[in-house]
């Protein structure tokens, strides 16, 4: 394959209640090594995955949120978050641990349509 | 009081097993008797000794085995286990495989029966 | 009867079912992803406040901390696992998954 | 234990998409042998578990619905179904494979409060 | 893009999310418990008909049969697994779980 | 066309694995090439040969092994497998355990990539 694939990782699940966002993140870190065109998008409860202030010590669960911060080191810079999902959950860009671009629904629809593959987690 | 517990989900994928463990631990610390923990549905996957999580993560199976070593009856449903590839060969210490009658007996013998599941 | 709810109210109708069938005045304990429903300043706050007129709502502290939910709706009681056990001592439980 | 326990099995999940109602049913069949006071209640998507006309052959899944019909042979006769859940799903008592009593929400609330144990599936 | 939805619309908001983000005119394929949304004469029928104004809605025949859903809302197209494959041939897919 | 598939749930508890199997079978019957099936999250539990379902039920693991025998690459995510007690000792025929790079390569090489999951 000479062409670069456009792969979107769509994070839709809240952290800790289920493992999808954490294991989805693990897959993104590996993908970074393949020099593809990776986009990560946080919608619905997925926006909670990058919320500031998590402390899982009392719950006895591994805190995986710091790993999201290393995405930039992996040259994965296309991070988007759905404005409506954030607002419904009382969150603003200041509440996020990564510098994701806040976009509207139409932008997400457009981004999805541009992809070769959309992987939901 | 006598507490019974059911775990309906496997480890790591859902938080149910974590919650059940924390609840059982807190109940024991308060002096309650745990008449048993019944692992049903995907909950049976909490009982495999082959589980090998990352070093910096909790070991959910081992934590349950420790509860078992304290004398708590950890019962794995045989019908659910067979569907999911759990048998005596892979069973972690402290667990035993038995039938659904054990769930009924726990429900009868417990003053409080708490279910931890998802969907 | 104590009602345990563990799914996020943004993606699941479990809390709605719980509220429909639970006896008025009963305690509801939000655990796991359901604690997102306890956060103030959200689209669900009004709904939660309406539920609180009929039920005593608790949220599990360990799960709130894990998710960084610090701004809890006024009137929702935070309990840790010891408090969870105490609620079970007082009430027979059921779970809405 | 000399007393008889009141145990309610609450079926809330649709069949086939998840296994909860089927494995929940398996537990009920065993409970029948213990001579306890068993109540089964179908609410929310659980009402689909006893819907007529299922044919899982093309989907390649085991059809477990006939097993619900044998509950009577196990002396489990307290079957209730939530009226609102049925109506929302366009179902009537005629659509059910078992003779469950159709009750309103208040009755279910009352039944739940009478139980020693409520097991959700 | 083809949108796969597999959770019951009575208990999950997945279909709502799908409809929110999917491009108008796209095909939506209901599989597994989502096919309950294709049943006529239910509380969700109006909502489905509203969705059908913006999207082409399909339902997987094998899953309809398994659940005894025979009275499908007029306009929802039934496809079997071969038809499912054909939809994938025509469209890149994503899934709303 | 080249199809890639991801299975995110274990057998029996959710229908996802059944749906993925039926889809793969139909795609192969239509002459499509399956570049691989990636078993992720609880999906890894589809790969244990210890699974022993009831006689009158389908054997989900065996069905996948049959797909593997036809030359389809059945890849079990190692990170997810370790958390859930799946290793080479219990691996059913036709499956192999490998890294997340395989998911990426399937996503790159497939014309269509289909995910079967739940929540």
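Labels A, B, C, D, E and F are assigned to the chains in the order they are written; within every chain, residues are numbered from 1.
Here, a contact is a pair of C-beta atoms (placed from the backbone, for glycine too) under 8 Å apart; a residue touches a chain by one contact, two chains touch by 3 or more.
These numbers come from a predicted model, not from an experiment.
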Shortest chain-hopping distance from chain C out to chain D: 1
Contact-richer chain pair [D-F vs A-E]: A-E
Intercentroid distance (Cα basis), chain C paired with chain A, Å: 27
Mean-CA-position distance for chain F and chain A (Å): 25
Distance from chain B to chain A - Cα centre to Cα centre, in angstrom: 32
Shared interface positions of chain E, touching two or more other chains: 6-7, 10-14, 32-33, 62-63, 80, 92-95, 97
Contacts with 2+ other chains: residues of chain D: 16-19, 44, 59-61, 116-117, 120
In chain F, residues with contacts to at least two other chains: 8, 12-13, 15, 22, 41, 54, 57, 79, 113, 115, 117-119
All chain pairs that touch each other: A-B, A-C, A-E, A-F, B-C, B-D, B-F, C-D, C-E, D-E, D-F, E-F
In the complex, chain C residues that touch chain E: 10-14
Parts of chain C lying in touch with chain A, wherever the complex brings them together: 6-8, 10-11, 32-33, 36, 39-45, 61-63, 65-68, 70-71, 80
Touching residues on chain A, where the partner in the complex is chain B: 16-19, 59-62
Residue ranges of chain F touching chain D (in the complex, touch as defined): 12-15, 18, 21-22, 54, 56-58, 118
Chain F to chain E touching residues, read off their complex: 1, 3, 8, 15-16, 19, 22-23, 25-27, 29-30, 32, 112-119
